[in-house]
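Next come two complexes built around subunit A: one with subunit B, the other with subunit C.
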Partner chain A sequence: MATNDYSLAELLTVCVSRELEDGGQGFIGLGTGGRAFTMAVGVPSVAAELARRHRGIDFTTQYGVTFEPDLKKTPANFADPYLLAWPSKAQVRVEECLEYFRRGKMTVGFTSGAQIDRRGNLNTVCIGSHDKPKVRLVGPIAQSDHCTYAKYTFVMMVQDPRVFVPKLDFRSALGHGDAAGDRRRLGVPGGGPRKVFTDLAIWGFDADGDMRVETLHPGATREDVVRTVGFDVVFADDLGATPAPTPEELRLIREEIDPEGLFLEARIA
Partner chain B sequence: MTSSGKLIPLEEVPRFFRDGMSLTAGGFAHSHQPMALLRELIRSGAKNLTLMGVAECWVAEFLAAAGVLDRAYFSNFMFEGFGRCRQFSEGVEAGRIEVEDHSHFGMVCRLQASALGLPFMPMRAMAGTDIVAVPGFEPAEEKSSFIASPFGNGHVTAVSPLKPDVAIIHAARADRLGNVQLFGTTSVVEEQARAAGTVIVSAEEIVETDVIRRQPELTIIPGLMVDAVVHLPYGAHPTGVYGYYEHDADHLGAYYAASRSSGDVRDFLRCWVRDMPDHWAYLDAVGMAKLMSLRTDPALGYARREGAHA
Partner chain C sequence: MAQPSKIRSLADAVALIKDGDVVAIGGHTARRHPMALMREIIRQGRKDLHVVGWNNGIDMDMLVGAGCVSTVETSYVGIGSFGLARNFRRACETDGLRVIEHSETTAMDRFRAASIGLPLFPSKTGLGTDLPSTNPHLKPFTDPFTGETWMAVEAIRPDVAIVHAHTADEQGNVQLDPERWHDNSPDVMIARSARTVIVSVEQIVSEETVMSRPIDTILPRTDVTCIVEAPYGAHPCCCDARYDYDLEHLGRYHEATASQSGFAEWLADYVTGPADHWAYLEKIGARRLMEVSMKRTTR
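What follows is the complex of A and B.
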């Protein structure tokens, strides 16, 4: 197997995995279906297990009300009865699972949205005006809560000028607000978005909370990024290349962690 | 209290319903939404309703599809595994349904304020977002206020109470006194029951109080909070009830396909709601074979089916 023969999901998994910290706790949502599932659930799930196995760190994942389930016994269906039968370390009430956010225990929230702006603010509410939207979306969900409380968030999104926009149609989750210091002024305890992982690049944020491209994925160019983003793109002075997965990382993902592609190929119903 | 206690037949439930009322309903994803009570609500003809929900997608969708939903305070409505709630979303897009958005905490905090009899509840989330800045149908100053802590230790977002007129909740089992037990993911039914003015609970099983007493730790809503109990086996169908049956993916899929067109969705509601004489006729129409195929294996916690577990 050639080392450059890997999927985008595998590349992102390895990148996310390398960012996870020892002793951390990550909250993963439970969306289903296709590419959105791979980005929001598949990549963080496999990344956490990879971090445990490859780097030997202690990192706990929480899927809604289920804490640190056994990935070897992952159900092929994420409906409630299967989730509740999934061997795990704890199952708590919905309200309780969110209490750990308020208590400041959540290290990483994995988030996404229909729109993101250059300050990392997110929209999951509507396209068009709020009163009479062109498209009504799911609503704020608990994402506004994750973005408030998590020590930091990782945003997982596919680049498109309709998605990376100069101004959100509705700001449903706070990133770095409008200006430096906004989060502190608003009494919001978490650190806000730290990284944005896309199909083309990994973005970070400068000290003032402005998004900038830090690494380009193999094969992606500056022009690709500019073309798929609706706001003026800033590239970090030390712009680098996203490091490719190692053969050992790929082996662990393919042979041990996700051999049936439940997570990275979105085979969970 | 009579020997039947709070137990009433389904056909008596509409006396709790009226035009223009607000309601909240239990459930989460495809689990334990009070669908039989909801069908009775739609059959009752009550209209101009306001929903105070968190994530009870099927309740919101059916009320929207039936054309009786005017307003919704909520956090998120989405069909896991299917996609958007089409009739609800289209109602919002067409301006027929007005919405007031909230984060999950935001909605629960407003219900908790009512449940605890407090004039507001402080919280940190939603600050700095359009959830508090862009009003839906509720003036922004009546929804929330960014205030200084009286103790000089920072600022919080205070949200106002929401008190639903009626809560409809489907549970696993209850006794005639209204002591309610529900297993698995219960979502926020306790908060909803405590917040609402009137609480109506349907249950898979009506059991003797002695059965409740054997496992009192499973009682999530005590009888003093409950106004009426209705015995409705499969009362959450087409959603599921943990420990009893799974959601009916075929039935949900048939609805979702119908929800693409206003004609099809009208036919679906006529067939499964409006023209259905009662809950027993509904179960006959679903069919014994289908209902039995959804039964949960008590040892596994889910239905025994090919490929159901990796």
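What follows is the complex of A and C.
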């Protein structure tokens, strides 16, 4: 199989999958629509199933109120009545589903945003001033909760200088704050962002909470990364290449886990 | 006749809401918002409302677009997969509409605290963010036992809560079909936090029906001020297992709200034009309502 014979979604799925821990629990939001769906729902879903099948780890997925649904019976439409009928291990009350965060049970929250800074803080509220914004966005949603309580978060987003910014217009979710040790000082329990998965690279954070590029995807260059980021980019000393999916990983994804592309090709209505 | 009837007309129930009131809305995202009640709020021309929810969509956007709202308090306003809520967006960007920002848990915690008789609920959410700069109901405090910093989320006492449910009897005992009441549980907190509680229901049922399945009662009549019968009263939002979202209508709404004038036309067509909820249902049409129906119930 040729090196580039896989999609970005498959590459990210495999990378996320390799990071998931045995005994972990991950919260995946429910949403529909195109690329955002693939990044926020598709990749984490398939990654968790791949981790179970390929590496044999025990990992619990939580889709809002729904625990461990049967991916083989994924509805082709995420409208409510279909979600209701999705075979799963549990449906908890909606106000309880976020208590798994508060109680410290959530290993990983998958997040995103309209803006991210080099400390991994996120903005989903507005571009421009809050009092009279240039662009009003949806609001904090549950993202402040994910970023407060999860043991760590994985941020999934597409690189763009308007998105990777030196300073957020509004900080709706805490990453590593302004300086080393901020989370502890503030009394915030979770560990904050651990990785940022993008269309060009995988970023990590150093001990002080500063973002740095750890691996470049096949075909992506340092220049590509610098051009699509609005702050000064730091590359890890041991900068590597994002490891490509193995044929077995691709086979599992394509033949067993997501044969109809519901998740990675966003075919869910 | 020890127990008086709590059934009111849509117009009489909504007349309980005054200009300037804090109004809490049940439902979330595009699910089971009390749309019939909200359309009537617009018909009656309420102004200067402080509208509170925990996750909102067309409900909030429509009230904002119709000029009923001076303050929005919630965690989310959007039209799902269609995109941003355009009236809300315009009101923020052009008129500087006041928005009190919450995360989902803190938005619920305001109701949670009030519904169980507490002055506040402790949270970690909001620490280290810009939320408190917009939100006077989030204030840090020190845990007296551990010395740790927490965020206090102040209890809310809305003047009025409006909620949509499946059934109620004349006396105001409100029930939900058991299949899906899990996802509706915040509505119980929302109702129990408010001074006046207006519940619209898909159908009024007999006392015997309620008494045969008491476990389905989410709000006993002591929690409820009045009941309005409004079949398809959440349309175009979904109503749990009974009817689905009307995605075609939501899409048309999203398109119409691209401009102020487009929304004005939509309002005239679907809200101020129809004299009441029945006229609205006629406008939507039986065929469309049957198309979104998942479970056709009879009395």
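We adopt the following convention: the second predicted complex is superposed on the first by the 267 of 269 C-alpha atoms of A that agree within 3 Å, B and C clash if a C-alpha of one lies under 4 Å from a C-alpha of the other, contacts with A are read in each partner's own complex, and residues count from 1 in each chain.
Everything that follows uses one rule, which is that contacts are C-beta pairs under 8 Å (C-beta built on N, C-alpha and C of every residue); 3 or more make two chains touch, one makes a residue touch a chain.
From a predicted model like this one, the values you see are computed outputs, not experimental measurements.
Novice: With both structures lined up on subunit A, is it a clash or a fit for subunit B and subunit C?
Specialist: clash
Novice: Classify the contacts of A:84 with the two partner chains as first (subunit B alone), second (subunit C alone), both, or neither.
Specialist: Both partners, subunit B and subunit C.
Novice: Examine A:180 and indicate which partner it touches, taking first as subunit B and second as subunit C; both and neither are also allowed.
Specialist: neither
Novice: Counting only touches as set out at the top, which of subunit B and subunit C does A:125 meet: first, second, both, neither?
Specialist: both
Novice: Touching A:143 in the superposition: subunit B (first), subunit C (second), both, neither?
Specialist: A:143: touches subunit B and subunit C.
Novice: Is A:74 contacted by the first partner subunit B, the second partner subunit C, both or neither?
Specialist: After superposing on A, A:74 lies in contact with subunit B but is clear of subunit C.
Novice: Is A:260 touching anything from subunit B or subunit C once the two structures are fitted on A? First, second, both or neither.
Specialist: first
Novice: Per the overlay, which chain contacts more subunit A residues, subunit B or subunit C?
Specialist: Ranking subunit B and subunit C by residues of subunit A touched puts B first.
Novice: Starting from the residues of subunit A touching subunit B, keep only those that also touch subunit C in the other complex, and list them.
Specialist: Comparing the two interfaces on subunit A, one with subunit B and one with subunit C, the shared residues are 31-33, 65, 79-81, 84, 93-95, 98, 102, 125-126, 130-145, 148-149, 170-174, 177, 182-183, 186-189.
Novice: Please give the residue numbers of subunit A that touch subunit C in the complex, ascending.
Specialist: Spelled out, the residues of subunit A in touch with subunit C are 31-33, 65, 79-81, 84, 91-96, 98, 101-102, 125-126, 130-145, 148-149, 170-174, 177, 182-183, 186-189.
Novice: In their shared complex, at which residues does subunit C touch subunit A?
Specialist: Subunit C residues touching subunit A: 28, 31, 55, 74-78, 80-81, 84-85, 88-89, 92-93, 96, 99, 101-106, 108, 112, 123-131, 133-134, 148-150, 179-180, 182-186, 189, 238, 240-241, 244-245, 247, 294.
Novice: Any idea which subunit B residues touch subunit A in the complex?
Specialist: Listed in rising order, the residues are 28-31, 55, 74-78, 80-81, 83-84, 88-90, 92-95, 99, 101-106, 108, 124-131, 133-134, 136, 146, 154-157, 184-188, 191, 240, 242, 246-247, 296, 300-303, 307-310.
Novice: In the complex formed with subunit B, which residues of subunit A make contact?
Specialist: 30-33, 65, 73-85, 93-95, 98, 102, 121, 124-126, 130-145, 147-149, 168, 170-174, 177, 182-183, 186-189, 260, 262, 269
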